[in-house]
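This is the structure I want to talk about, given as structure tokens.
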């Protein structure tokens, strides 16, 4: 784990990424009319200041420790929480992204059973029969509740005509 | 009434389930309607347009050539543009219709260049129309339109209103111009009830909105109606467009028109238009309208299309004045 | 006055009305539990059914739904960190940690009794206030709304003293997101980068579903195991001790109910602010701030009391002026209009029996729903024993579909997914989620009312000080911001006095 100013690099990432986003937000805001941009600009500049403080507070320098003590004391105490391998977290995100994409492309009625089945079988390591039954069960509940009772048009998916 | 309705609910649930399970081919107009018709509302449940559709839909079902359910469907968002886009892109088979705020939807189209063209819809008729009026809070020292004009010479008169894409905003600016009042709008209120209450509260000096809303608030002694923009005032004690010497005021209106996607076959159009106009004459609907002071003013499809074009012409003429605001 | 109150109850005690009340309650309970669909969906669904009913019966049905929804929402909030309705998100903060400790029964028991108590207190307040409702609502204009929004933001930001800096960062992020979309005051569209879905901004409920439900389920997948770590503790449901817990913290209940009543009466602010504000104020008033967010029962009682109290008072602006205090109220308004009851100043005078009947229906439903919640505690608590590999995909699935079901926009699913990932990251890097939610809700309100106040006051800032209600709010903000310094000063003075007294 690479360290910068005494703290692991990954600790700086959230604030850095946010700072980048805020800078882009600020640039866009300056393109709007004066009345329209007062609040966003104010908030964005404040954010940049706060993010700078956040970055500083994560370093192990004297300044960083002072900032943490006054503004974020809980951080000093929680640093030793359980750490889960990043690969597992990335996997969780990918599964979610996959499900969301499936919903978009092939629609609710196909994505739901596919996701449940694949999730239970591959991640949950349950038997194919159990996964199949669960997939069917959940799809049935979704259909009953949303399509029948709520009369909601279940999204058919971009590939099948949704728009 | 309740028994009939519960039965039709069950029937429609069954229909919905059956339709979902097997996609039956929809035959030509002679079989119309063979399944549920979606009546799209450009607002969330509980709004003004929503109430109209929910009151009319059950009546309309009675006058369709075959038994079918009309399902009020809320498609809120983008100031009505989302609903309009959905209707525009739907198949012109008579199973999707919607209610529109005219000129509101035209103003949306012009401001945001959205994916539809109001002139191309298949207009089926009109449900109601409202004209506008001018009022001040009960506690206001202003007692007449001339008072407002006098005030306007000292400083701009503050009107409470919605955002620039709203019908009220445009109505207010046009009216102020016609009356020779310098106006400054306090924008951003969400909906007529909010900005009228704002005027009652004293946020602004005056307010321009549809007459039924004015009447309701005046009945509770919170508002004083200075004028209605009708040719002849329906509110005793209030001036009208003729008296104010500005007859063009009566062209400012809120039309509730019904339409289907472009290219609707003539026979389906006739069936829907007939069902609509008969529903509006139905005793249950008439009684409801009277109870809640809702205006019911039917028009034939051709008349509705003509109304639309009149409104478009009116707003096109006023467009240069509407760009200037605060 | 008593006479009208009683006529309201009388109208309710008919078999037909009670049946519809019960029906509404069951529907409200179920719909409240599923994230994304709540009171407004339930009411919209029932609207055609009410067409043939008498107005009073329709009101009994509506009251039944509205009173039961919060209880349904709190059950899923506690068991799965999936708020059934937006205000229940505050219940997640301490309710879910309790479930993780195997104390789901305790939490649900406390939520049930807090619900009932809050509802009762809210009802009494509403009944007392209804006669002067009109004047009260008129006291709040744009300057007051702006300061209220700032007050809300300040309260929540200063709440978690331990995480203030990161809380401010996430709050700022929430504000930035709140500004996306069509700006009603100026009339232009901001930060949508061409995406049409974002025209109306980032919707709150999909974001909440993502931040709480999806994020937690993803987290659970990584951690493994069921929600509750210790099966033994779960089996002892401790439901009754949960119920009694609420009575042991009367201050918290009262505080939550009052916040709920007051905030609920302000149109447009909604239940989310009521519950989060109640939670934040309870944290601030506590001597044991660190324990919140880890399973402090008061963190469940406070928001639950507020949510049910607000249901009653949200009726005030709805009935007095036809201005709905929430989406649920907006649909309810539609039902009123459908039945020929036109909300407005006249309604408060002419339809008093109906109004009081509705208020009693709300209260009765709220208490009944709590009882049903209690009956179901044992089987429900078993959900916390289901293995995460089975539970997580199912919950994520239903949550995302529920998000879509709000208004049929598939974009909601994308929002939920994105905020789900964001929520995960916030958990991983220890950034509080509380401030994001409040900022999302209050950001738009703050900006809009600021601009309106400026036009009203002709560009002068004095408008915030010259109106007496805004003056009070301004003073409250300053006191809150200065309170840590004030407290330190007071402690120093006390120490000096003790030293002086102790000196010979």
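Here the chain labels run A, B and C in written order, and each chain numbers its own residues starting at 1.
Following the convention adopted for this analysis, contacts are C-beta pairs under 8 Å (C-beta built on N, C-alpha and C of every residue); 3 or more make two chains touch, one makes a residue touch a chain.
Everything numeric in this text was worked out from a predicted model, so none of it was measured.
Among the remaining chains, B is positioned farthest from chain C, on the basis of C-alpha centroids.
Here C is the chain whose Cα centre lies closest to the centre of all protein Cα atoms. Between chain A and chain C, the centres computed from C-alpha atoms are 23 Å apart.
In terms of their C-alpha centroids, the spacing between chain A and chain B amounts to 41 Å.
Centre to centre, using the average C-alpha position, chain B and chain C are separated by 33 Å.
Under the contact definition stated at the top, the residues of chain A that touch 2 or more other chains are 35. Contact of a single residue of chain C with at least two other chains is seen at positions 183, 185-186, 408, 451.
Touching of two or more other chains is recorded for residues 326 of chain B. Every residue of chain B that touches chain C in the complex is listed here, in rising order: 1-2, 4-6, 9, 44-47, 50-51, 54-55, 58, 72, 74-79, 81, 111-112, 158, 162-165, 184-191, 193-194, 197-198, 200-204, 216-217, 219-222, 288, 291-293, 325-326. Partner chain C is touched in their complex by these residues of chain A: 11, 13-15, 18, 22, 25, 28-29, 32-33, 35-36, 39-40, 43-44, 46-47, 50-51, 53-54, 57, 67, 71-75, 78, 81, 84, 88-89, 92-93, 95-97, 99-100, 103-104, 108, 112, 115-116, 119-120, 123-126, 134, 138, 141-142, 145-146, 149-150, 152-153, 155, 162. Interface of chain C with chain A (complex): residues 34, 37, 41, 45, 160-166, 168-169, 172-173, 175-176, 179, 183, 185-186, 188, 190-191, 193, 214, 218-219, 221-223, 290, 387, 389-390, 392-394, 396-398, 400-401, 404-405, 408, 410, 413-414, 417, 420-421, 424-425, 428-431, 446-447, 450-451. Put simply, chain C touches chain B in their complex at residues 40, 43-44, 47-49, 51-53, 134, 137-138, 141-142, 182-187, 189, 196, 199-200, 267-268, 321-324, 327, 329-335, 337-338, 340, 342, 344-346, 349, 407-409, 448, 451-452, 455-456.
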